[in-house]
Structures are given as C-alpha cells and as structure tokens.
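Listed next: structures, encoded as structure tokens.
The following pair of complexes shares a single chain, chain A, combined with chain B in the former and chain C in the latter.
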Partner chain A sequence: MDPKMLIFLIPAAALAAGILIGTLKAGHHSHHHGMFGHKHGEATVSIDMYAFQSALYSLNPMFKTIYAITLLMLSVCMNNLYVSVLILLLSTFIIVVLGKLPFSRFLNLMTIPFVFLIVGTIVILLDFSWEPAAGALGSVHLFNFYINVTKTGLTTTVLLWGKCLGAISAMYMMSLTTPSGELFTVLERMHVPSLIIELMNMMYRFIFTMMDTQSRMKNAAESRLGYKDYRTSIKSFGSTASNLLVVSFKKANAYYDALESRGYDGRMHFLQEEKKAPGRERVLAVLSVVYLFAVFFVLR
Partner chain B sequence: MTKKEGRWMSVSIAAAVYFMFGQNALAMHIMEGYLPAGYCIFWGALCIPFLVYGFIKIRRIVSENRRSITLLAMAGAFIFVISSLKIPSVTGSCSHMTGTGLGAILFGAFPVSILGIIVLLFQAILLAHGGLTTLGANTFSMAIAGPFVSYGLYVLGKKLKWNQKVNVFVACSVGDLFTYCVTAFQLALAYPSETGGVAASMVKFLGVFAPTQLPLAVIEGLLSVVIVIALESYATPELKSIGFLSDTPVKGESVNE
Partner chain C sequence: MSDLKNKNTMNKKHDETPLLRIRGLKYAYSNDKHALNGIDLDIWNGEKLAILGANGAGKSTFFLNLNGVLKADAGSIELDGVKMSQNKKDLNRLRSSIGIVFQDPDNQIIASTVRGEVSFGPMNQEIPVEEVRIRTEAAMKRMDIEQFADRAPHYLSSGEKKRVAIADIIAMHPEIFIFDEPTAALDPASSQMLEGVLDRLSDEGRTIVVSTHDVNFAYRWADRIIVFKDGKIIAQGTPDEIFRNREVLEAANLHEPTLMTVTDHLKSAGLIPESSDNPRSVEAFVRMTKELTALSEKTTDTGVEQSA
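This part shows the complex of A and B:
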C-alpha cells in the first residue's frame, strides 16, 4: 500500500466516528421512514426538504455556496486523487455529521449519478483496437478485434471516480444545506439579471403545483383504464401532458392577476432570514482549503 | 462452462443489462466533475451567444407583454416536469423525455435555451442529474443543439407542407438523436481513445448509450406528436391569445382547417 494513503486515515476515522455517534443518537428518536409515501417526483422535494432540515440551514447561504463551489473547483481543476478523496470525506463529514443528514439517505443520494459514472468510466477503461495494444495490462481477443485495458486507461478511470465523487459530494454540500430559494438570492448577488431570477423563482414554485396537478390527472386517467397497455399509456401520457400545459397556462394568467393585485412590479420580494457566517466557520473553511492546497503541492 | 461459471456469467449479464437498459435516461446528463476544467469552460463559452440572444428575446417578450412572465415560467416548469416524469417505455426501464425539442416547437428555440439552462440548473441542484461544472456542456447539447435542430426541422417541414404529425415526430426525435450525438461527441473529445482517438471514443460512447437513447428518441417523437395534436385541438385559443407564442409556427390553423 502506498504510504501516501495514510493521509486519509484521520479524516476517514473522524467521519466514521461521527457517523457512528450520529446513528446511535438518532436511534433514540423515532424512525422517520415512510413519512412521505412513495410517489414519483419525490426526489424533487427530497433534496430541497433535506436542506430545510439540515443543522447547517442557519448558516449564511453565500458562505456555504462559495465554500462548496471552491471545493468543487478544486476537485475538478487539481486533477489529484488525494485532494478529491479528501474533498469527498470532508463534504460527507459536513453533510452527515455537522448537517445531521442520516448517512443512509446520503448514500442513497450518492447513487443517483452512479449509473453515468459506471457507464462513463467503462467506456474509458476499455479500449478497442484491431491489433493488441502494446503495454496493455490485459487484453481480450474477440472476433477480429482486441479489448485492452491499459495503464493510462486504468489511471484515468480511478482518477475520474475520485474527481466525480469529490465534485458531486461538494455539490451536495451546497444543495443539501441550502434551500433553492436562498440559492437564487446568491445568484442575484452574483449579478445574474433580475429577469432570470424572477423566472427561476416562479418556475420553482410552478414545478410543485404542476407535479401535483399531474399526479392527480394521472390517477384520474388510471382509474378510467388510462394506462392499461402500452398504446394507451402513450396516449394517456400525451393527453395528460398537453392538458397539464393548457391548465397551467390558464392558471398562469390568474397567477399574474394575483401578483399584480399585490403590487407586483417586476420583482418579487421574499423575507430573507438574516443569517450569519461566524468567524469560527470561516476560519475552518479557509484552513481546509489551505490544507487541500498543501496536499496538492506535496503529493503531486 | 461449469454450472458455477454459468451462474456467474448470467449474473454478470443481468448486471450488464440492468445498467444498460435499467439506466435512467437522464443518465445522458454529463455528471458533476466528469469533464476536465478546460472543456467545462469551452462548452460554457460556446453557449454564451445563444443565451445572450435568448435573454434579449425573453426580455423583449416580457417588455411587450408583462403578463407573459408567468407564461414563460409555466413553460419552463412544464419542460422540467415532463422531463422528470417517468414515461411509458418498452423495456420496463425508467426513461424520461428531454422535453426541450417540444419546448422549442411550442415556444421557439431561443427562449428555450434560457428556460433550458434554468431547468438543467434545477435538475443539478434538486435532482443531482447533471452538474454545475458540466452545466455548460449539458446546456449546449440539451438546451441549444437539440432544440435548434428540432425547431429548424419543424420550420422546414412546415415550409415543405409535411403532414403535421410526421413533422412533429421527425423534428422531436431527430432533435433528441442530435442531443445524444452531441453529448457523445463532448464525452469523446474530453476522453479520446488511446488507440483510435476521438472518433473511436465517440463510437464507444454512442454504442454504450444507444440502448436507451435510440428507443427514447422514438418514444419522445411519439409523445410529442400526441401532445402537440392535443394542444392544437383543445388549446388553440390559449396558444393564439398569448402574444408570446405568436412568433412561433404553432398557430393551429394548419391542422384545424
């Protein structure tokens, strides 16, 4: 084993201890499973809902976003497996131990991009050629071509797994602790045009009402033999979707009237909770980034 | 092959089939962290002119008629919702529409580029499909390349007086296929094959996503036809009454008269 791997020892141990303590503590409280029932589109609600429930919800959104994006950039730009794995451990620690998201839920969320990662790296790992590649670690002769696994392919694959997992966990650190509404405010402060912010705020709200309408329409269609076979499914899906658009367009007018009657002048104002980023958190964030830089320069 | 080997073989084939066919078709979103930094910037930069023009267009629509902002938002939410719904699929897998091709036909290609990037951002934040670093690449393939091809084909078909159903079907499914090819190209460009370069790598990426993307293109086309036909028969007044639909080819007369 590479002695450089030892740098993971302490972070991994801290993470494991944190998860263990968290799980034991949570064991005393009631179990949460089954609280939402199963319906499609649940995923949409869940990440945002976890953000509201997170223990880090009360931290300043700008601070959280900048920190998460910094880690994300470091994972993508540094191209360093050690840095990326450290980012994965660090973000998991922040989300699960500090943010108090149950570890099993976090694992579930981490599997969402797995299919792409598996398919996307198999393609890189396996190289096809007409002649056996020189210096391949392994090579299989199939019909009239060869499937090779080369050392560079393997290195790229391993690095890519680290980078992607580091990046996705850093992104989760932002989305699992900061509700979307606050992210829009962050974008606004980054000078994204207000028309776009306005559209985002409205779209975000309409998504939920639309999904609700859609699921009721689907129930209605199903209770009338709507999705009984494949042909009908296509038809039912299509008419549900088109009806959804018609109904929503009709609602859109009413929504505008409602907005206008409350004095809408092209900008919606939301109550923003005043949230602070305490000095301790800032110092820790800066220290962690400095540490990652140090790891990058030492273990290149 | 011994019995044990046979069992392992069948397990591995089942796993392969699961990953190939059982994969969520949203898997075509390039995931967070997958592209090297240079490519993230490159594809993002390529999107900028389209997005700027899209923004100008949307701003014009809104300044002409203030009410259209809720409609635009509804249109964007609609694209998000139909792309997040499970659609009926033959293989029993969980597939989703892209929705942007249909959006381009209904709302025009430039506004859809802006709505598309917002939808992709939501998908990255709320669903963890796609990512922030790969937002540029995903926007180019799904909110720009695909919709523009769909829109172009649709306008062309109208000019050539194709049958409405055929026209929508061709526009949406070819747009979908184009998105799939562009994504494969983006992936191949970032990770060229050691022996065959970008071309060989592209063939590999096309191949590995073909089992989900090819049937999906057909289903997307079929569904879009059903949706457009239903819209034109039930919602012509709505579509006409909204100022912001007036510059798109959907006017309803062609089918109803």
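This part shows the complex of A and C:
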C-alpha cells in the first residue's frame, strides 16, 4: 500500500470510528422508532424540526452556511474521490456526533437523494453495445445486444457517487442545523433581492398553515368515509384540493388585514437575533479545509 | 377606578375629549348590505370596554375600520380630538395607536421566528432598531415567551401562539388594545392567562376593547358594555344596565350572566338582603357570602347573650 494513502485513511477511520461510537452512545439512552421510511409528507417538516433540535443550532448561521458551501464546492470541483469521501464522513460526523441527530434519521434522509443518484448514474455505469466490449469487467447478453460494465464506467460512477454524496451531506449539514428563518437572513446579507427573501419567508410560513388546513380537511373527509376506496379517494382528494384553494384565498385576505393593521407598507422587516461568530469552530473549519486541500494535492 | 366609572356612565355630559370619537361610521362590503350602519361611539382613556353581539353583527368589521384597514364609506374618527383622514400619515397613526389582536393567531403570525414576529409591528413604526429590540424583548418577557424567541411559530401550541399574537401588539405600544374574541378556541388555562393579561394591562391604565360572546366574562370584567346588532349599536351602558335590560338581551340574543341570575334568586328568596350590591365575579360573590355569614353569626351571638 502506498504510504501516501495514510493521509486519507487515518482521518477517514477516525471519523468513521467517531460516528460509530457517537451512534452507539446515543443508542443507549434514546430509543426511537422507525429505522427507515417516513410517513407521508413528513420529510420537509422533519428537516425543519431537526434544525431547531440540533446541538449546533446556536452556532452563527452565516458561518455554517459558508462552511457548508465551501465543502460543497470542494467536493464538486476537486473531482477527487478521497476528498469527497472525507467530506461525506466529516459532514456525517458533524451532523450525527456534534449535532446529535440520531444516525438512523440521517440515513433515512440520505435515502431521498440516493434514489435519484442510482437512477441518474445507471446510464453512465452501463454501456450498451452490439458486441461484447473489450476489457469489460462484465457483460450480459440480452436479445441481440450486450450490456457491459467497463472499468472507466465504474470509476466514473464511483467518483460521481462520491462527489454527489459529499456535496449532499455538506448541504444537509447546513439544513439540519440551521432553521429556514436564519437562512433567509443569511441570504439577505448576501444581497439576494428582498422581494425574493420576503416571498421565501411567506412561503415558508404558509407551507405549514396550508398543510395544517389540508390535514384537517383530509381527516374530516376520512371520518365520513371519504377515502374508503380508490374512486372516492380521488374524488375527496379533488374536492379537498379545490377547497384548499378557496381557503387559501380567504386566509390570504385575513393575513393581509392583520399585516396592514400592524402598519405593513409593502416591506417586511423582522428582527433577528445576532449569534456571535464562533472562535474555536472557525479555526477547526479552516483547518479542515486546509487538510482537504492537502489530501487533494497528495492523492491527486 | 370609581372616578373612571362615573366618567364612563356620564360620558355624554362630559366635556373632556375622548381618546377615540367615532361618528356616523358606515361601511359596506362590495355586493353586500351595509355591514356597519352608522356607528357613534366614544372610547375613553383607560376604560375596559366589552362589545357583545352575534356573529356577523359587525364587530370585526368595526375594528378593521377603526384601524384604517377597511376604509369607511362615511363618518369620522377622531383620535385625541384630531380628525383622522384617510391619507397615509393618518392611517399609520391610527394603526400605531390602535392595536388589534386577531381572533386566530394563525391569521396574524407571519414571521419564521417568534422574535421576528413580535418585532414586525415596531419595525414598521419606523423607530430606531435598538428601540425595536428593547420593545420586542420586553413584550416577549411580558407574555412569558422568551424561551421560544428563536423558535418557529408553527411548533407552538395554540395557547402559546395566542401569547405571541398578544406580544405582537404589546410591542407596538398602542394607546388602545383591541381583542377580537380572545377566548375563542382557548383552553381554560389559556383563558385564565388571557384575563390576567387584560387585568394587568388595564392596571397600567391602558384602554382595552374586547369583543366576546361570553356574557359572564363581560359582566365581571367590563366597565362598560356595547351591544352590536346588524351593524348598529343597540345599547351601551354599565354591565348592570345592559343585563337588566330585557329588551336588549332579547334583541341581541344574549342571556343573563349566571351570577346575576343566582344573586337575584337568592335575593328574592330572602337569603341575601335586597340592598346589597350584585357581585360581578365569583370572588366577589364568595366575599359577600362570607361577610353575610359573619354578620349573621354576630347577630345570633348577641341574641344569645341578651336572652341569657
């Protein structure tokens, strides 16, 4: 084995061990149900809720966002499997061990992009040809053509998976520790137009009020046998949806009245708590980025 | 306190200017009959005003008119003796001075954190950000929601949301607080919390207007009661005046406060002397019965001594 590999293997093993120990430790005093799969429509809400419960919630959102975006860029631009795997492990470590999110929940969230990843890379992995490709790792004869897995196809796919998972985990690191409201403020500081920020704010708020209304209407329909079979389900769903539209118009009116009565003049300003910029965390973040650069140059 | 009550009952004779003077206020929704049909009302500084009336009697419409959210078709509003027109400056003045706590907090709360939400009103009042911060923190402390400051409003219980909705308005430092059916959909503990808030606000001399369907609450809390029907004020007066008025009760579909009925019956049965005042709250009722028992024990005691 190339001794240069140690620069990758040591931190990778350390992070993996950290995640394992953290998970085992947490497993001792918290039992939660459901390893995989979530109830319908819960995914977005749970991400939002995890952010509030995260142990890293109190960190400055600007810092978290910049760090996450840096890791994302490194994973995508360096085009280096080792770097990406390290980023994946690092983000997982931060989310699970430092942020104290149960590992199973994180795994559960990772399944969502994973499905897209598999579907998206299948064409890259598999090579179709009329004759068995020379030097293929394996090929299957089907009707009158061959499906081959070549070495280049495989390496590209693995690299792609690494890059994507690294990037996704970095983004999860941000969204699982930073509530949406704070992200909006960060975007505002980055000079995203205020119109967009306000729209995001309102959409975020309305997602929850609308979901609430929808689930209440659905329950009401269900309790009157509105979902007893496929046909009625379709019908009930249709009327619930159209009703939801009417309700949202009404709600929009009521909202507008309430906003106006508090002096709304077309601009929306909210006070946001200033979270102090972290000291130690900042140093660690910079060190980790420097280290990733080192890995990149050594294992290029 | 009693000064205030006198002022309220005799407000017509009073030459002092009311905090808010409303004359001939009319408002119609498009394609609808008149929602408000000529409202005349004076609201005095520091009073506790309850507004009763069936759903659709025009209470909420009236509030939105006071605040300039709905633009009245006719009539005038005077704030502190100054006539308010419908230009932007006056509308902002009205919205700053009259704060409405809406019935459903979910139709009021807009921000993604509680702190942001409470700061929304003061931010619009164009006061320095430092002052906004102070007011926001004070209002949250006041409503005991500091611990939720950075939480998203949709993870709060309905009682907690109500507290946020009230803090929203407290942070604006309005002269008049309007509560639109505040106890609707609240559990008993939250209702009690709300009455505590109302009491504290009026102890500080704030002017409070509450619309409600709860006659028992109106009876024990209000200095003055206004009865709405079909977009008109059909009666106004002290709680005793209103609830003694059979015609008004019938017209507005109201019933007597329980305590009033009970006391009246006890009086006619001779268990309570006719001359004693009707207690308006359960506490007052208990106090009265205790005093009466103490009194009767005293008389029997002296009676025993005399016979001996």
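Everything that follows uses one rule, which is that the second predicted complex is superposed on the first by the 261 of 300 C-alpha atoms of A that agree within 3 Å, B and C clash if a C-alpha of one lies under 4 Å from a C-alpha of the other, contacts with A are read in each partner's own complex, and residues count from 1 in each chain.
The criterion applied here is as follows: a contact is a pair of C-beta atoms (placed from the backbone, for glycine too) under 8 Å apart; a residue touches a chain by one contact, two chains touch by 3 or more.
Since we're looking at a predicted model, the values are computed, not measured.
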Touching partner for A:293 - first (chain B), second (chain C), both, neither: neither
Touching partner for A:145 - first (chain B), second (chain C), both, neither: neither
Partner chain in contact with A:184 - chain B first, chain C second, else both or neither: second
First, second, both or neither for A:172, with chain B first and chain C second: first
Of chain B and chain C, the chain that contacts the larger number of chain A residues: B
Chain B versus chain C as contact partner of A:196, first or second or both or neither: first
A:259 touches, of chain B and chain C: first, second, both or neither? both
Common ground on chain A, meaning residues reached by chain C in one complex and by chain B in the other: 48, 180, 202, 204, 251, 255, 259
Contacting residues of chain B [partner chain A, same complex]: 19-20, 23-24, 27, 29-37, 40, 55, 58-59, 62, 66-67, 69-74, 76-78, 80-82, 84-88, 90, 106, 114-115, 118-119, 121-122, 124-129, 131-133, 187, 191, 193-196, 200-201, 204-205, 208-209, 219, 222-223, 225-231, 234-235, 238, 242
Partner chain C, residues of chain A touching it in the complex: 48-49, 52, 179-182, 184, 201-202, 204-205, 208-209, 212, 251, 254-255, 257-265, 268-273
Chain C residues touching chain A - in the complex, by the definition given at the top: 64, 67-70, 92, 95-96, 99-100, 102, 104, 106-113, 115-121, 123-125, 129, 132-133, 136, 149-155, 168-169, 172
Residues of chain A that touch chain B when the two form their complex: 40-41, 43-44, 47-48, 69, 72-73, 75-77, 79, 109, 112-113, 115-120, 122-124, 126-129, 133, 148, 150, 152-153, 156, 160, 163-168, 171-172, 174-175, 180, 183, 193, 195-196, 198-200, 202-204, 206-207, 210-211, 214, 227, 230, 233-235, 237-239, 241-246, 248-253, 255-256, 259, 266
